[in-house]
Structure formats: structure tokens, C-alpha cells
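These are the structures in question, set out in turn.
Heads up, the next two complexes both have subunit A, just with different partners, subunit B and then subunit C.
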Partner chain A sequence: MEGKKEEARYTSVSLPTPLFEKIKERIEGTGFTSVSSYVVYVLREVLSKEAEEKSEPFTREDEERVKDRLRALGYLD
Partner chain B sequence: MSGGKVLVIGLDCASPGLLFDRFAGDLPNLESLMARGVHGELETCVPPITIPAWLVMFTGLDPGQLGLYGFRHRVERSYDGVWVANSEQISAPTVWDIAGAKGLRCCVVAVPPSYPPYPVNGDLVGCFLTPDGNSRYTYPAGLKVELEENGLSYVPDVKFRVEDKEGLLREIYDMSAGRFDIVDYLLENRAWDLFAFVEIGLDRIHHAFWKYQDPGHHLYRAGNPFEGAVRDYYRFLDERVGGMLERVDDETTVLVVSDHGAKRMKGAFCLNQWLVERGYLKLAGEPEAPTSLDDLEVDWDGTRAWAWGGYYARVFINLKGREPCGVVEPGEYEAFRDGLRSEIEAIKGPDGEDLDNRVWIPSELYEETRGDPPDLMVCLDDLYWRPAGTVGHPSLYLSENDTGPDDAVHDWKGVYIMAGPGVEAGARRDASIYQVAPTVLEALGLDVPAYMKAGLNNTG
Partner chain C sequence: MPPPHGGKLVDRTLTGADLDDAVKRSKSLERLTVSTEMAQEVENIATGVYSPLTGFMGPAELDSVVETMRLPDDTPWTLPVLLDLEESARIEPGREIALVETAAGADGRPFALMEVEELFTFDREHAASLVFGTTEEAHPGVAAMMAMKPVMAGGPIRLLERRPSEFSAYNLTPLETRVLFREKGWRRVVGFQTRNVPHLGHEYVQKTALTFADGVFINPVIGKKKKGDFTDEVILETCRALAEHYYLKERAVIAILSYQMRYAGPREAIFHAIVRKNFGCTHFIVGRDHAGVGSYYGPFEAQQIFDRFPDLGITPVFFNTFAWCTKCGGVVNEKTCPHEGPERMDFSGTRIRELLLAGQVPPPELMRPEVAQVILASSNPFVE
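So, the complex of A and B:
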């Protein structure tokens, strides 16, 4: 397990100072301990939304796939 | 014991007979947890099914209060409209909802039902109802991106099949190892107060491999190549649980729990076919091969009752004014239902032997019956005989399953182990699934709502 885990690597990006200050104010009293952790959180949210193929979370197709799995497991019928 | 951190490790389907007895000596991490704390059988709910049992465990509410009687439910009393339970239908507060509202941070991994993923005060990974690893399976959505950045991919479940057991075994290990990797990552990289996790792989192992290791099973063959498969998987779980325990401190309360147990299947009983023979269920034609009721033309005007099979059965009465083509008059309903109940209770085994059948009216079991309760809930021979819904078999009794695996059925007794600050060491005491939610809240130092039962530490 230890070998698999890579050291976390970081690099810098530049933020306009007023934006940095605004974020710093905004995260006061929240679970975010630094501007960096907040920015990382927001960017991952944005990326995940871009990657989403569909907006409906549980489509009819999804439900059929889950039903097939449940049937094969003996839960249905 | 209050105000500390709580880690709940759910092993779906873990059986006391295997974990505490048969594999004693093989599971050092779980056994050291038992030595440090209290353990015993955990009596599950009716029905003893993954959904609703995990939600019962983490809300302290019964299936009737939750309006969840299994995986599927009828859409507004129709004959063919079915919805499968998912997180969107759940409004009851879980222990992480209660803890999160008090500002405590929660990690919830794969606790059914948790697809689609929903907001928690922390992080959530969807359960096995997640269609596949490409689905949006986390809250926040960016957690999935973070896991991928760290080389962690998610396989929510395996596609079950009876041929190619080797391949299935490999896939179950891959799935489980991937989920434990995610759990380890979150244990290390999140500040949490409550961590709740369910591994579904053990349920899949039991259903697929039980008969290979149980000399009491009618399909057991000594010396078969999968004789050690179940034991090996318990060892694997023990090792991974050990890895999780290394990531928490001694001040953390640790609970290992299962939603139900497992035991050998004796066979399947064709309940709908029996209803046809008795004249309660009328089909437009005779099926030539075993067929699901969904694929048959039912003469609803001539049908008084029909059933859904599975690990337990739900019987529905075709009541006038409630069902679209109801025929049983409301004034006759109770007498008909009670008579049918007695007839099902009297169903015999293939050799005319008595079976320990249990038939309930939902209102007898639950505080209230929300949603779509069936008219009768049926367990055949204390769950040993699986009720089959398909019709068109040469006999009412099948030695193998009609649709799913033919190895294991569920059992009423699951397991629990609890260790942590203030928990007495080395005790064995049986408990109920309804005691888990209050135990979690107490250990977190939170008030227990009045509707919950007493916690595990208050039993002695």
C-alpha cells in the first residue's frame, strides 16, 4: 500500500491579490483552513461538473442496470 | 464514553457462526477488537434485507416508518410499475445528518442507499446502487476528481453470475480492495468525527460461494476447488480492517456491524405457482418454461392475490377500490387475508415435512406503515427456503434457484463488535440492529432522540 501512494505534489498558481483577500475573508469560520484548500475544492467541483455526461442522476437506463444486477443476485423475483 | 470519534465498519451479511466461531483464530484484528470490547449477535429487522436494514441501523427507525420493504416497490398500487429504492426517496434523519447538523464532520462510504450521492457535512461515496464508476458517485462532486488524482478508482458492485466463479472471485476482491483504498485515503486525509463505511463484497461472497464450504448444504462437494474461498475472504477483510484500525487512535469508538447474517439455502419454493394451483392467481395461458410474472399475461379480473419473490416474499391482495382491477371486496379483505396467511403458514416441505413459515401483516411489525406495504410478508422455513416468483416449473420445489445464486439465504442474526473508551472488555452480549444508531450518537456525545431505543452500552 505504501509503495502505491505517491507523495502529494503541489505547484503554484497566481491569484490577483484582491481575489485572494476576498477568499480569505470568505472562508473564515468555515472548515477551510487556507485559501489554497478552498481554491482546490472549487476547482475540483468545476472539473467534476464539466466531466458529467448527464444532468439526471438516476436515469431509466441506470435503473434497469441496477435491476439487472439485483435480479442476478436473487433479490428480485 | 462520549464526545469522541466514531468509526463504523459495516460488513454486509457477516455471519456470527463464521466470524465468531468457525473462523476463530483466523481473524487476528477482529478478534483483538472483540477482546478489547463487547461483541455478539445483532438481530436484524424484518425483512432481513440490505435495503432497508442499513438504513434501519443508521436511523433507528423501522422499515414501516421508513416506508422501505425491500429493494423494489410498486408505483402507486399499479401491477407493473416498479421503483427501485435509492437515496432520493429517503427523508429520515441518519446519524450523520444528526451529527452534521451539530457541526460534526462525517465521512460516509457506500452505505446503502447512497446513490445518488447526497449532501453531508463532510464527504460521501455512493453505495453499490451506483450504476458504474463513471457515474457521479461522490458528494461533493469534486471528491471523485480528488480520488482519481490519487489513483483511486471506484467499482461499486460486481455483475453477478453463476458460471465463471474464478472471474467473479477476482472481481469481488478487486472491488473490495478498491473501496478499502478509498476508505484508507479518507481516514488519512480528512478530519472526521464520524466515519461510516459498508463493504458489500462479503454478501456477494456468501451468495456465490457458501455451498462450497458448508457440509450441511445439499450441493456441497468435499474437496471442491472453492472450499476455502469464504474463509480466505474473511481473512482478507480482517487484514483490511486491521489497516483501518492502524489509522485511528485508541480514543475512537469502533463498531463492526452487519445488516443481516447468512445461512445455506435448502431450495426455492414457487409461491406464485402455488397461488395459481390454489386458484388465487389466474394466468391467461400456461407458461412452457419458467417465466417471471412480469412477462406473463395475468387475468387480473380473476386474480385475488399474487407475490413477489426474493429472499423473502411479499404477497399483494387484489383489493377492489385500491388495485386497478381489484376483485376482493373490502368487506371480505380481512377474512381473505387471514385465511391466506394460515394457508401459507401451513405450506409443507417437499417430503411433507413441517416448515417453520412466518407470515406477518406489516402493521403487526411496525410503528407505522408508510409508503407501499404489502398485504403479507412471508419467510419460508425461517428463511431456509427461498420464495420464487417465477411460474412454469415442473414442481413447486426447486433444489436450485430460479433466478439468482443457489448458495446462501439471509439469516436474522448479524454481528456486532464494539470497542472504545468506556466499553467493557471481553463481554459477549446479543443486541438488536435498532440499538446501533443511539450507540453512535451517544459515543459522539450527542443527545439520542426519544424515538430511538437504548444504545448497546445500556443493555447490561
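So, the complex of A and C:
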């Protein structure tokens, strides 16, 4: 059962062999224990950067309502 | 400002016609009575403090979080968020139920609804060993997990009304803090979590962070505490006193987090950072043995774990040890002061506590007199 779970949790992608070898060299003596863990780390970093700089997650209406409460509580003048 | 965790600020509070419908519907639903601490969790989910969660975890989410420290969609998430119930509870999957708080008083009005998707159990020992790094019940987080009722219910919740709280004037939602930070023109906001009264070391950490940030978000944890801890009221009042006398009004915001500590050390440090990201912080202060208890975690484990989350979306700021140095004439840390021995006065919580218990004002090198006065003026500053 554990094995099956692991299977669903991971999948494989193909890397050019020279790149794979380069990464293998690159991670020697670092905290990364495998090429996979390094690639996962880098991709997560790249993808999360792309997620930044989006617009604020609230509407004008939300904002006015919120500002009223913040003023009432003394957080805003 | 960082986007909310998982990309979307969750809002599960019902308003208008939806609310009217839900309130009507709630009258005929099966009820589940929950503790004040569980009601706090529901509110945290509903107001987006726990974005992207929209309800209590099901077995797949729990398994993913326990094993990988991530939600099934790969979003970092390190702690279980569970609703437990008795086997005798007449709750079935696929049904909507109404949640009532134990302390709700005589009328027992439901404050939230939940669509129960799954009922399940889990291997608590295994989960505890991964989440807390131990299965010893002397660990308060493990003990709490072992003491949970036998069955877990997973599924989304909807909030009907926010529960009254004596601290409601300091209870801001992530939406509110986000609007507030933007109105203040803060771009870099550093979050500071506390469950203690502030001494000069805390002030030093916050102000050091303020030298590169635009504002500090002081976010004391309010909720069930251990015997001997300072009371919620004293913690909040001392934070206020410190800010009032020693901070620029436009550079500090104090609001509470209603939350029960898990003492999960490194995993909880990540969780605390996620929560502050949802409030709109770009940075989060992580001290020595953050969220630790006893000697279960190494002093820097809660800092090192951040290396594993390049996609967290909030930057940790690490502080280690600091002290008052008479030779340097100020608060110092291990990188700024070469002195040792009698010149250094550590910010020992135990020592400060002893002085306060004896009715004495700690020396000004340890605690601001205005802060000490708040504690000494309280008839009982400690949890009994």
C-alpha cells in the first residue's frame, strides 16, 4: 500500500543526460541528496516567483467596508 | 504584498440572502457542539487566516500534510487541521451539520455550517512521530492529538457569525490587515508572533527588523495557555503599552491571533509564517527554538526547516541570542558584541518572572517600566 501511495505522489520527467550529470556534480557536498530533490526545489522556487505580483485579492466594496471598521477601531485615522 | 497562500484569500463568511437561508436551514440540521478552541479554528478557516483551506482536512489532505508537509496540490502546509467527534455523534458523510460552541450560552445558536464529506480515523502515533518528531505524551502537542475524540470529520465550512470576544477590537481578518497595510503604504511588513510579555530583547528584534521594513505587525497569540503563562489580557496590554510609549504609531500594528499552540517546533514555525503571509506580511521573525517545548527540538531546527520551502512566499528573518551588554551599552546579539561574562545580562524569562512575582520592577535593561507597570497592576497576571 505504501508503495502505491508513493507511486501516485511522484512522476518522472526526462532530463538531457548531460544536464543530469551537471546537476549531479553541482549538488555534491550540498544538502541535496538527489538530482530529483534539486530539480524539485528549483522548480518550486521558479513557479512561486511567477505567482507573485498579482493584484490585491479584494474588491472596491470590500475595501470601503473594511476601511470603515478600521477607522472605527482606531487603526486608521 | 505577497499573494495569499495558495493564491486566493479564502472567505467563507456568509452574508445577505445566503446568510438568511443558512440560518433558516441550520435550525433543522443535526448539531455538533465544539470547544472554544475548535470554534476559533472554524473562524480562522472562514476568514482566510488558514488560506487556502476552506474546511477541515479529509484523509487525503491529512496524509499529504503529515508525509510531505504539503497539501495534495503541492502548496506548503505543515500541520493537520482536524475536527474530531465522538462515535456516538449522529453525523453522516454527505450531510450538512450545524456547529454550536460549548460556551455559546443558553440559546446555543449555531455559528457555522459544515458539509461533512468524509468521516475517518488516522494512525495517531505515526502522525505524531512525523508532525512532532516524538510520540511521547509528555509533549503537549502529542498529548492533545492522542486525546482527540475517535472520529475525524473532513469537509468545507461556512461561518454564520463571528463569535463575541473580549478582544474583538484587536481581532483583524487577513482582508482587514491587507487593506490596512496598503493604506499605511507599507510594502515590507515584518510579522512578529508572541505569546509572552515583551522585554527589551523582543523590542530589539522588532526594531532591528524595522530598520529594513516599513512596518511591524505584532501578532500576539490569544487562546488556551499552559498554567503559569501570562494571561491573554496581560500579553495584549503589555504589547500595547510598549507600542504606545516606544514605537511610532505609523510603524506598528497590533492585532491578535486566536490560536492554540501545538508546540510542533519547526513544522509550526512554517505554519506560523504561512498565517502571517495571509495577513499580508512579507517577512516573519523566527527566533531560537520557535514554537518549541522542553528539549524536543534543536535550537535552530525551526530556522533550518525554511531551507526546504523555496516556494513559501514569505521570507523568514532569523534571530538567535541577544542580551544587554553593559560594556556596549545596549542590546546586543552574538554578531555584534564580543563581550562575555559579567557584562552580559541575558533576557531570562524566568528571572523577569521571579522579580515580577515578588512585586518588583525588573531593571530597565530588561523590561520597560511601562510594561512592568501593566503586569504589576494586574491582580493576577498568570494563568492558573
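Just so it is clear, the second predicted complex is superposed on the first by the 45 of 77 C-alpha atoms of A that agree within 3 Å, B and C clash if a C-alpha of one lies under 4 Å from a C-alpha of the other, contacts with A are read in each partner's own complex, and residues count from 1 in each chain.
Convention: a contact is a pair of C-beta atoms (placed from the backbone, for glycine too) under 8 Å apart; a residue touches a chain by one contact, two chains touch by 3 or more.
Remember, it's a predicted structure, so these values are computed and weren't measured experimentally.
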- Task: Considering only touches as defined above, state whether A:Leu47 meets subunit B (first), subunit C (second), both or neither.
- Result: both
- Query: Counting only touches as set out at the top, which of subunit B and subunit C does A:Phe58 meet: first, second, both, neither?
  - Reply: both
- Message: Going by the contact rule set out at the top, does A:Arg9 touch subunit B (first), subunit C (second), both, or neither?
- Response: second
- Is A:Pro18 contacted by the first partner subunit B, the second partner subunit C, both or neither? neither
- Go through the superposed model and pick first if A:Gly29 touches only subunit B, second if only subunit C, both, or neither. neither
- Message: In the overlaid three-chain picture, which partner chain does A:Leu73 touch, first (subunit B) or second (subunit C), both, or neither?
- Response: both
- Task: Between subunit B and subunit C, point out the one touching more subunit A residues.
- Result: B
- Name the residues of subunit A shared by its contacts with subunit B and its contacts with subunit C. 5, 31, 41-42, 44-45, 47-48, 51-52, 57-58, 62-63, 66-67, 69-70, 73, 75-76
- For the subunit A and subunit B complex, residues of the former touching the latter: 1, 4-6, 31, 41-49, 51-53, 57-58, 61-63, 65-77
- Query: Given the complex with subunit A, which residues does subunit B contribute to the contact?
  - Reply: 49, 70-72, 83-84, 86, 88, 105, 115-116, 129, 131-132, 134-136, 138, 140-146, 150-151, 157, 159-161, 181, 184, 191, 204, 207, 243, 292-294, 308-311, 386, 388-390, 401-405
- Task: Enumerate the contact residues on subunit A facing subunit C in the complex.
- Result: 5, 9, 31, 41-42, 44-45, 47-48, 51-52, 54, 56-58, 62-63, 66-67, 69-70, 73, 75-76
- Message: Show me the residue ranges of subunit C that touch subunit A in the complex, using the header's touch definition.
- Response: 1-4, 7-9, 63, 67-68, 74, 169, 172, 175-176, 178-180, 182-183, 253, 307, 309-313
